[in-house]
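The following pair of complexes shares a single chain, subunit A, combined with subunit B in the former and subunit C in the latter.
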Partner chain A sequence: MKNIPAQPVKMIKWFHDFSWSGKLSAAVILAILLLAVFAPGLSIHPHNTSTGAPLQPPGGKHLLGTDELGVDLWAQICYGARVSLLVGLGTAFLAALGGGLVGIIAGYLGGWPDKFIMRLIDIMIVLPDFPLLIVLAAFLGPSLLNIIVVLALFSWVFPARITRSQVLALKEQSYIKSAETYGAGAWYLMWKHFLPEVFPLVAVNMIRLTGRAIVSEAGLSFLGLGDPTSKSWGLIIHHATSFKGIYFTDFWKWWLLYPWLALTMMVTALAFMSRELERIADPRLGGRRFSVH
Partner chain B sequence: MGRLKKNGFRLAEYGFTILIVITLNFFLPRMMPGDPFLVLSSDSPEQEEIVLNEEQREFYLHHYGLDKPAGVQYFTYLGELCRGDLGYSVYYREPVSVIILRRLPWTILMVMAALVLSTCIGVILGSLSAWYRERWPDKVLFFSLILLSEIPAFLLGLVLLFVFAAGLGLFPLSGALTHFADYGNRWEKLLDILHHACLPVMALTVARLGGMYLLSRNSMTTVLEKDYLRTAWAKGLTPGRVIFRHALRNALLPITTRVFLSLGSLVGGAILVENVFAYPGLGYLMREAVRVHDYPVVQGIFLVVTIFVLLANFFADLAYRILDPRIGDYGGTRGG
Partner chain C sequence: MLKKKLPALAILLLICLLGLLLTGCGGEQSDDTKEPASEQTGRQQADQINLAGGDWGYPNPYTYYPRGPGSRKMSLVFDSLVTSDTGGNIQPALAAEWQSNKDGLAYTFKLRPGAEWHDGKPFTADDVIFSYEYAKSYPPVSAVDLTGVKKMSAVDDLTILVELIQSDPNFLAGLAGLKIIPRHIWENVTDPLNFVAPGAAVGTGPYRLVDYSKEHGTYRFEASDKFWGEQPRVKVLAFIPASEDILAFEQGEIDRINITPDVLSRFESNPEYRVMQYETTWAYRLYFNMKNRPELLSKDLRRALVYAVDRRDLVEKVERGAAVPGNPGVLHPGNELYNPDVPQYPYDRQKAEELLEGLGYQEKADGGVRQNSKGEKLSFLLLADEGSSRLGELIKQQLALVGVEVRVQVVDQKTRDDRFKNGDYELCINGSGGGESLEELTNLARARATSATGETMGYKNPGLDSLYSRQEKETDPARRKELMAELQRIVAEEVPKITLYYRNTLAVHRPAVYDGWSEETYHHDQRINFVKD
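== the complex of A and B ==
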């Protein structure tokens, strides 16, 4: 893992080790990524204005039908993928950055900073994040940025824990010791030795964090408390389920089903992917690094 | 460090966290932009907006104690909380604590039922899986439970609602009790409550099952390889005795803490599931309160839920320390 060009080769090797469920998950994630990136090209109809009769079943002009305002559902799902991915990746990135830094500090310094950080992590893991998310959405306004920041505040503990244990193990390695005796400073060690070693594990954890964040955002939107200006999958489900008497009509067969499918597929694919990568990246842990969260 | 001292430490830690949560709760509304008394807003466009003059504003600020320094306000707030006073709901026109106490039993019922069910079923299936490790029952169980547990509880709840309640009509669509029902006796009421709670509890249970299953599977697998189990087999004990008396008892130990460690996410799931089924617990109330901008209720629920979760964890911590005296300073099994 020392030299960078080996990384892509390694990734191809990883992919060969994937089970069929891992490969399927990779395909689903890739498909949704493409959906999000090429959303304007993939959807003929706009995602925010009415283009047909309301509550049209799938087929004909509208691939997946329309909602109660006659807005094309396929376009909404394409653009919804953008919101979900933005929240997921944004949160994971912020959390990995912050958590990684905190973890390195805790592991490298040891002593009371380490003790303090570990206690903080213990408490953060126990605190329920969803009620706070609702409170903050109520008070500060449910913008996407607020949601990402709050989710990151609750997610950094996982990368921090991984990084800390890695750094603790690395610190005892003879090559780190010898680098230290040659006068390597904390920054040098961090950039040259700790980060390259720790990065793969944190990157794998980022996938899990992405999934968690997407679920939380979808939950908040499902309650109708998400960002009303960006129509995520959760918000489509919210509109569908708040439609009076949707149980007794056929509308749910497209209006509710397709965003539900998109969300479920995305979340399970991310989970299976991270499980797969965890297994390959750290065979010692096997299935044991499973958080109950 | 003596055990007593360590437990005191723990208590101080949780107490400190609760204080932080309370402080956050105190400052949040004060961080909001605007001044509540610049304009007394009107509910409908026909109604005229009342702009207060300086004198009236000062009167209201004084009436609500908002002209005092923040420190004094903070301690007044703490004092009120200690007396169980969570403020007054503007929308429901009732003290917040009264509203919360009325809704709390439903949420506790749901969360506790899901907690117990998922733990019991998870442990049983996990032990089965460990027993048949790498053979087909293990593989089938592993794959299906992992898949199910990755689907969030509210999405599962939607499926249950549409299939079993709307489609097949086996369960009621919403609520916790039949409206205006006339129960002949207590049993009928209990049955009605169970009937209504069935689907929400099922959604929460299934979503949490995978975690408990994996945990007990790993724990059981580790225990099954131990020497004292070989001894137990060698003594010629029956499989039932070996599994229940020797293996399960030891395997259960690490599971006890995890039961409550995941309580936070279970509560988050419960808030969402209550909204799927319009179940009249705290989660449903919280969403309602946010939508009508009844901030004291939102804050009250947040506080009650957080303190409940923290307390449950504290007691689980304590119980674990008593159950397993080997546990060290860092709480051994907590990491990973």
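== the complex of A and C ==
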């Protein structure tokens, strides 16, 4: 959301254009954002030491109960939001930055760099990413930074394709042509003309990438390949599901359910949000176009 | 139109699903009041028993993975001359009887007449001599300790003469580790570690291997009609993949599982099931690597760590109460050689902190980590496998309370075993059935090739070593017990490793399917469950 230009009036206008599911998604995302930012204040108990009896059901001292080590679940979910958002936004930002640049270069230069980059993108799209993610995560070792980098490595292709097609169309516009005849360099054109034009579309794409990255991180953590020191939602789910016979006890009703719920809500909200923005940003989907200049 | 409604629909669906989950799985179904439990003994014979699989390597003495399940599967197929039962008594196997001469320097073994290999070739003394020689040139997965043997020779086809360098009370126990392999198959094998050709699992044991898949972790054993002993009570033994134990068991896919106390009530009151309880010596232990972290050579530092680890809490949380807190003297309290009069180190944070302060770790740096005046921090890397990651987590929490930082590194079991063996760790949690090994605390030069127990890296105590070898050679039980008591006292005093806890096992099966499970062992795949040796 922070990528939408900070013009309050326009923002309110867009928000007004949102359908109710879009508004709900925005609210959920905002709530989780607040949860992550104010995690220390929102949770009375620490998220990494046991503060009560193991496997306490929700209620009483522990809002959402405790896990098998007696660690408060609500605190874990609050702090887990930080990890999930960090991974999601970090990956999306890296991917958008890298992908956007590659796309602009490919579109603007054309010729063999374009061909090379496009074939590379084709290969990356065809590659099944999750199995490769697993291999890379296992190979590089569990650390949050590695996960972000690896996820970004697999995500840059989408923004790259979008920006390339945008730049290809823009290149033929007369104002660009005239700017070129006046001696505008590649960098100048990139900063002054291409980037502002492609930014909204990339921003929308970033939201989608955020959701994807969060799910991928959770998946890796669930498989035990995540960073064991960063308590993400996926890791809570991993611990819960590796508890022997959890489905035959009552414990899953809080230990597994709540982190799952948080994860699902977050990802669903992000998905709806990106749909919503896409609708507004992309004229082909019937919305009206917005741009920054 | 549809496009607009789609998001709303999706949310609705989600809510419905959630509701379904909550109500659908909430209730406990129990219909166990149908008939009163009748005192019946279940079936003692079965056509086929299925157990949860997993890859533990090809079941021959050179290719199985060095962990209990691997060696037990191998033991279904291969025999040794003698075996030791769960009480440690030596029992005849391929050798029907034996006698030693007066000075205990020579043993004569009479082999079982008529024993055959699975491929129909007769078993002879030749095979035994060959196995011994072969094991000397190619050490098998589980190291055989027959260093005391001077010469092994065949008197005739069914008689073996073994001459010893000196009399050794543990000679027969060592011999039990030597698996007999067929000469006609192994003669020309020069790379036994990679020998998995069809003949590689031909043994004399009660079962022959019919199928093995490394990828799926499945095994299929069929009772061998060539077996020299009583026919096995179970005709086919299959190890199949099962992702969720309890589910697979309830659906009848597998026939016996281990359960946790949390689900005990599900099976306990139901006459269809029988729950068997075992106190085992399977233990989780915390190892110090004093080579990589020389400060751990300080006895007081190790003691401080023992005081700071609440073993009772570990039992309650990680094992849900189904374990016995570790004895600093290493032996399980149920062991007949157990010495109760050793320092016990009850959980005492204050004592731990006093000890640490006495060692000069006074200042608490950033994050509450203790350091000494030279700025050396009490911060350790703890290696754990996936199964013990929560245990590591809890130890990390407990030690943080006294200002010791622990960073837990979780790797898969095989990697942990490998790094443990190579001493590539600072602190390490390892768990195995070798929970009572005092030998790994010594520096006695002998082959230690199992991943179950290892050497305590960097720890040297000549007094302990000599005491250990003395008790090993001692033939008088009373005297040996005394020596063992003294050993335990020293070990508890020094704590070169911490025994965290001994796991108890709850196993459940259906008597109507097969009720021949042994009271002696908690391993489902142990030979004794299916064969009378």
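Keep in mind that, in the parts below, the second predicted complex is superposed on the first by the 276 of 293 C-alpha atoms of A that agree within 3 Å, B and C clash if a C-alpha of one lies under 4 Å from a C-alpha of the other, contacts with A are read in each partner's own complex, and residues count from 1 in each chain.
As a convention for this text, contacts are C-beta pairs under 8 Å (C-beta built on N, C-alpha and C of every residue); 3 or more make two chains touch, one makes a residue touch a chain.
Model, not experiment: these values are computed from the prediction.
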**Message:** Taking the superposition on A as described, I'd like to know which of subunit B and subunit C A:R275 touches: first, second, both or neither.
**Reply:** both
**Asked** Which partner, subunit B or subunit C, touches the larger number of subunit A residues?
**Response** B
**Message:** On the A-aligned overlay, A:F248 touches which partner chain: subunit B = first, subunit C = second, or both, or neither?
**Reply:** both
**Request:** Considering only the touch criterion stated at the top, classify A:P113 as touching first (subunit B), second (subunit C), both, or neither.
**Result:** neither
**Message:** Quick one: is A:T264 in contact with subunit B, with subunit C, with both, or with neither? Answer first, second, both or neither.
**Reply:** both
**Prompt:** What is the contact status of A:G224 with respect to subunit B (first) and subunit C (second): first, second, both, or neither?
**Reply:** both
**Item:** First (subunit B), second (subunit C), both or neither touched by A:L69
**Value:** second
**Asked** Is A:S19 in contact with subunit B, with subunit C, with both, or with neither (first, second, both, neither)?
**Response** second
**Message:** In the overlaid three-chain picture, which partner chain does A:G52 touch, first (subunit B) or second (subunit C), both, or neither?
**Reply:** neither
**Prompt:** First (subunit B), second (subunit C), both or neither: which does A:L127 touch?
**Reply:** first
**Request:** Under the contact definition given at the top, report the residues of subunit A touching subunit B in one complex and subunit C in the other.
**Result:** 21, 224, 247-248, 264, 268, 272, 275
**Request:** Show which residues of subunit C lie in contact with subunit A when the two form their complex.
**Result:** 4, 7-8, 10-11, 14, 18, 21-22, 25-26, 244-247, 259-260, 262-263, 266, 316-318, 320, 386, 389-390, 393-394, 397, 400, 407-410
**Prompt:** Of all residues in subunit A, which touch subunit C in the complex?
**Reply:** 19-22, 24, 48-50, 54, 68-70, 142, 224, 228-229, 239, 242, 244-245, 247-249, 251, 253, 257, 261, 264, 268, 272, 275
**Prompt:** Across the complex, what residues on subunit B touch subunit A?
**Reply:** 13-14, 17, 21, 25, 28-29, 31-32, 143, 146-147, 150-152, 154-155, 158-159, 161-162, 165-166, 173, 208, 211-212, 214-215, 218, 258, 261-265, 267-269, 271-272, 275-276, 286-287, 290-291, 293, 295, 298-299, 301-302, 305-306, 309-310, 313, 330-331, 334-336
**Message:** Can you tell me which positions in subunit A touch subunit B when the two form their complex?
**Reply:** 21, 118-119, 122-123, 125-132, 134-140, 161, 165, 211, 215-216, 218-219, 222-225, 237, 241, 247-248, 252, 256, 260, 263-264, 267-268, 271-272, 275, 285, 287-293
